[in-house]
Amino acid sequence: MGRLDAGWHGCNNGEVKRLKFAGTPISPEEWRNESVFFKKEEFDLKYAWDTGYAIAKFLEGLKAGKILGVKCNRCERILVPPRMFCEKCFRKVDEWVTLRDTGTVNTFSVSYVNNDASRREKPLVVAVIEIHGASPGMGILHVLGEVEPSRVRVGMQVKAVWKPENERVGAITDIAYFKPIEVM
Amino acid sequence: MTLFRHRMLETGKEMAFEAARMALDSAGLERKDVDAVVLGSAPDAFDGFHMKGEQLLDGAGGFRKPYTRVFVGGGTGVFVPIAAWWHVASGLADIVLAVGEEKMSPLQPHPQYAFWTIFDQFLERPLGVTLLWIFALEMRRYMHVYNVSEEDIALVAVKNKANALDHPAAQLPARITVEDVLKSEPICAPVKRLDVSPTSDGAAAVVLASEELAKKLTDTPVWITGVGWNVDTTYWTNRDLCYPEYLEKAARMAYKMAHITNPRKEIDFAEVYDPFDYKELHHMEGLLLAGKGEAPKLTREGVTQRDGDLPINPSGGLLGVGNPIAAAGVMKVAEVFWQLRGEAGKRQVKKPVNRGLAQAWGDLMQVGTVVIMER
Amino acid sequence: MTLSKQVALVSMGYSGFSTVTPQLSFKEMMFEAANMAYAQVGIDPRAEVDSFICCEEDLLEGISITDEYMPDQLGGAQRALCTISQDGLNGVVQGYMQITSGIADLVVVESHVKFSNVLSKRDVHSLAMDPYLERPFLDDGIPLAALEMRRYMHENGVSEESVAEVVVKNKRNGLKNPRSSYSARLTLDEVMRSEELWSPLRRSYVAQPADACVVAVLASYAKARSITDYPIWIEGVGWFSESSWIGLRDFSRALYAEGASKMAYKMAKIDNPSKAFDFVEIDDSIAFKELQHLEALGIYPQGKAAEATLKGETKEDGSMPVNPSGGSLSLGNLAETTGLARLLEAFETLKKKDYSKALVQSWRGIPTSTATVVVLGV
Amino acid sequence: MTSEFRYTNSEEVRVWKDHIPLKYKYSIGVAAQKFSSALKEGKLLGFKCSSCSKVYALPLLFCPECFKEIREYVEIKPEGEIYSFTERGEEVVIAVKFPDTYGVLIHKMKKPLAGRPRIGQKVRAVFKKKEERSGDITDILWFELF
């Protein structure tokens, strides 16, 4: 594993200099065979985050089978996911609003990979869904089900498929997925 | 800058040294001449260090000096010279060393994993979200609203990877076709393997000097005439991803400072952030270098080629040179520097250039950082 | 306008300051603190603030790229906002430079910590060290603090009593401070009977974790004059790092604090720091560090801080009040928020009392060698 | 204009727990690689800056002061003195200073049979058996008084 240096000639005040790009790449073989010493360590960082008021109430809503938003009376926007402040007006929001559990697909993707970049067995359709009852454009991230990936369209109307009440824990996954409202 | 590669033997500190040393050599300076050091590096989870800035300090040249790390996600690389600029412009420092570093290879089984933790821990991580989702969602929205084809987007990957053939530090230079991109493995539709820049290790550095000192150091200084940055709301699912408003605001901040009123005419070439091919188009529009939905047309017509009227990413960009995040942004600034001095060798754009722009993007489709440089 | 009145600290707000803060998310804590700061000077962040600076580190948040989650609750969405991965006091320095460079007139600096949410503190601290040379021996960094303490005491002939006296003094000072979580009336004996973690370091010498958010508003001279009658001027700033290699540092001296203070004193035209300040708020997150920092900052000659402490000079009513707020030993370890928390104490004390000059110093804690210093004047 | 307020909220208190598993394979670097190879041979390597002539007892690719690449290596006799130490029960962590070098090496020490360690005492490295060495810093088992 030699130290490489590639370069070209640059000039500074008329003086020609060779600019050196240093670096010692590790080849895939060296990485695999570990012909050099690697220090390996594993950590499992645990956190218990305070959700705060807005998210606690939102999660309780999900457990009860409801999607909750908040309203700012100054800009009159109804926001979801909820927050205790309106970022546009910089003031405390005014009231809670129960939204519908239907929405419109704003954009979507078909994912073939997991979060560690490994391949999924079955592709997953993910989408930003604008929730009905909130102001236009107020979407949340979720997944779609009961639909062929090739049939999904921007603008498609979808409805939440809730987990059975006794399986809901107050989490975003209390909604199993969203499914198309129209007959496919 | 160092070579950009998938994995490097050097530690982050060592890479930062190699890049910083090259920048000092290029300016004919030594570390003792440096008043302050600014380092940029993206998530700590890649390199595997808490307080990564502290870990990299000696490498960046910060040993027993005023030293600070700045961090705005993927936008960090172009933000480093911005922070260095205010060090100089405030009068507190005359010479500032600005270093970008990223070492993504330590994280196993794949660096992509760290990106899961950039998402909201309450509402998004439980869905198993990956970074690729958000890019794919944005790419789809952009294609949908402006009726852009995957072929048009692929042209960016073809151009940038070919440009990188002339970059001595490049990781993934290649001569590929639109067909190759379209046929490459789908990862997160519409994103395919060849739409994406690689994960990389690397570092890059630049030296900033006050007006008085710069004139003493060189006959051909490059001036920073405009800086701008902007961060949009966290709630990315509440925004229309088809257009980067935050970038327009960052660009307007920089244009105002540089007294630019018509960027399309007054910017000669640009290094825009291209971690994904469609992002180059998206960013050209946000920078007002193209109308909304117009960047694909300019690309098709060859305007953004090195010999075109508005060369974009003559370096080869992140798609070709590689994407050690913060280092990649500094690489873009370095490229603008070399182009403006006519030192880019085989990469030199055809038309004469007096003013260039470097831009980076970051976070949850949220950060724009812009630097304008002039000869 | 003189050079010393270019940038003012015009208001500060806070939230938390408790060992746990279960009722509020970090966003809600930030909104409270920001609101308090803005209300005092009647500013609208959506229209008037030019730049927002946040100071946090990813692994203490449990979020990679923490700045993603910062803008909204500060009024900073679609505005110039950034993260400085440093102690909040360094954020103030960056804000100072943004103002003096002419790019901003009004800058907001924020830092928060929710230590109570981090269950794997040991691992996070271990991750701050070199995996090959340092982590195998230094655990969560506490052994390093002990190594430094031993060397400092050895070279300077410092007794353990003087270190314990710092704890007695600071925990007592904190009794009057509503933001204090760990203040107490203790005897020297009680402090010295505390469990030895790594000799000679005892549990009582180490500041314990707490949660807080602090927001500071900085303004240019003209802006400050237009929004407040009581600006506190930032007369000098300095920041400095020693080395990332633990093995390359001088264990007995805090060179980082020395370097930072020299820069700040030069700017503030302070020739004799031992006489310049009415009081100082300096890092005491590990008790012996207060002594070491006092010497590095030139408040006392090398090796003399211990004696002064035992004589009571550094008490609130002494000749050189050190950490009248109660310091980190009372307020708790607030990670990157430490510097802003102490700036807040200095800001309030300068306003309340007939004082004219104060020094605030932060250190980023074990295992770092980075400090920031700010000189404040009325 | 904003007005000051505090959230008053006693009804909804909730904690969300999760964890971030992080697995790393660190390259120890160009300089440490040399250091590591020497350890396997039972040797301690010093890194000499050709510009200031300092010999560092740490694996450095560059002199942090001169900022020049280090290309000269010298063997350091693995005997030094205690710069500082700390104890917890049977464990002793020390910082060792080697003669004519810069920097200290952090390692552990075998607890003396009698008395406490003292700053300035002479210590020497005890290496693992050759066949057990891997290049890790723990190829030195510990330092002991001599």
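We just call them A, B, C and D in the order they show up, numbering each chain from 1.
Heads up, the rule we're going with is that contacts are C-beta pairs under 8 Å (C-beta built on N, C-alpha and C of every residue); 3 or more make two chains touch, one makes a residue touch a chain.
These are the chains along with the protein names UniProt gives them: A = DNA-binding protein; B = Acetyl-CoA acetyltransferase; C = Thiolase C-terminal domain-containing protein; D = ChsH2 rubredoxin-like zinc ribbon domain-containing protein.
Predicted model only: the values in this text are computed from it and were never measured.
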Groups of chains joined by contact, in the absence of chain B (Acetyl-CoA acetyltransferase): one piece
More contacts between chains, A-B or B-D: A-B
Separation of mean Cα positions, chain C and chain A (DNA-binding protein) [Å, integer]: 35
Gap in Å, rounded to a whole number, between the CA centres of chain B (Acetyl-CoA acetyltransferase) and chain A (DNA-binding protein): 23
Distance from the mean Cα position of chain C to that of chain B (Acetyl-CoA acetyltransferase), given in whole angstrom: 33
Multi-partner residues of chain A (DNA-binding protein) (at least 2 other chains): 24, 26, 36, 39, 41, 43-51, 53, 55, 59, 83-84, 87, 90, 92
Residues of chain C touching at least two other chains: 22-24, 28, 44-45, 59, 62, 71-72, 77, 120, 124, 127, 131-132, 243, 245, 248
Where chain B (Acetyl-CoA acetyltransferase) touches two or more other chains, by residue: 7-10, 13, 21, 45, 48, 58-59, 63-64, 105, 109, 115, 117, 120-122, 126, 233, 235
Touch-based graph of the chains, sorted into line, ring, star, complete or other: complete
Chain A (DNA-binding protein) partner contacts - residues on chain C that touch it in the complex: 21-28, 31, 44-46, 59, 62, 71-73, 75, 77, 114, 116-120, 123-124, 126-127, 131-132, 135
Interfacial residue positions of chain B (Acetyl-CoA acetyltransferase) with respect to chain D in the complex: 7-11, 13-14, 17, 20-21, 24, 30-31, 45, 48, 58-59, 61, 63-64, 105-109, 117, 121-122, 125-126
Chain A (DNA-binding protein) to chain D touching residues, read off their complex: 3, 24, 26, 36-51, 53, 55-57, 59-60, 84, 90-92, 170
Parts of chain C lying in touch with chain B (Acetyl-CoA acetyltransferase), wherever the complex brings them together: 57-60, 62-72, 76-86, 90, 93-94, 96-103, 124-125, 127-128, 130-131, 237-245, 248, 255, 259-260, 263, 364, 367-370
Chain D residues touching chain C - in the complex, by the definition given at the top: 1-7, 9-10, 13, 15, 18-20, 24, 26, 28-29, 32, 36, 56-60, 64, 83-88, 93-95, 102-108, 119, 136-138
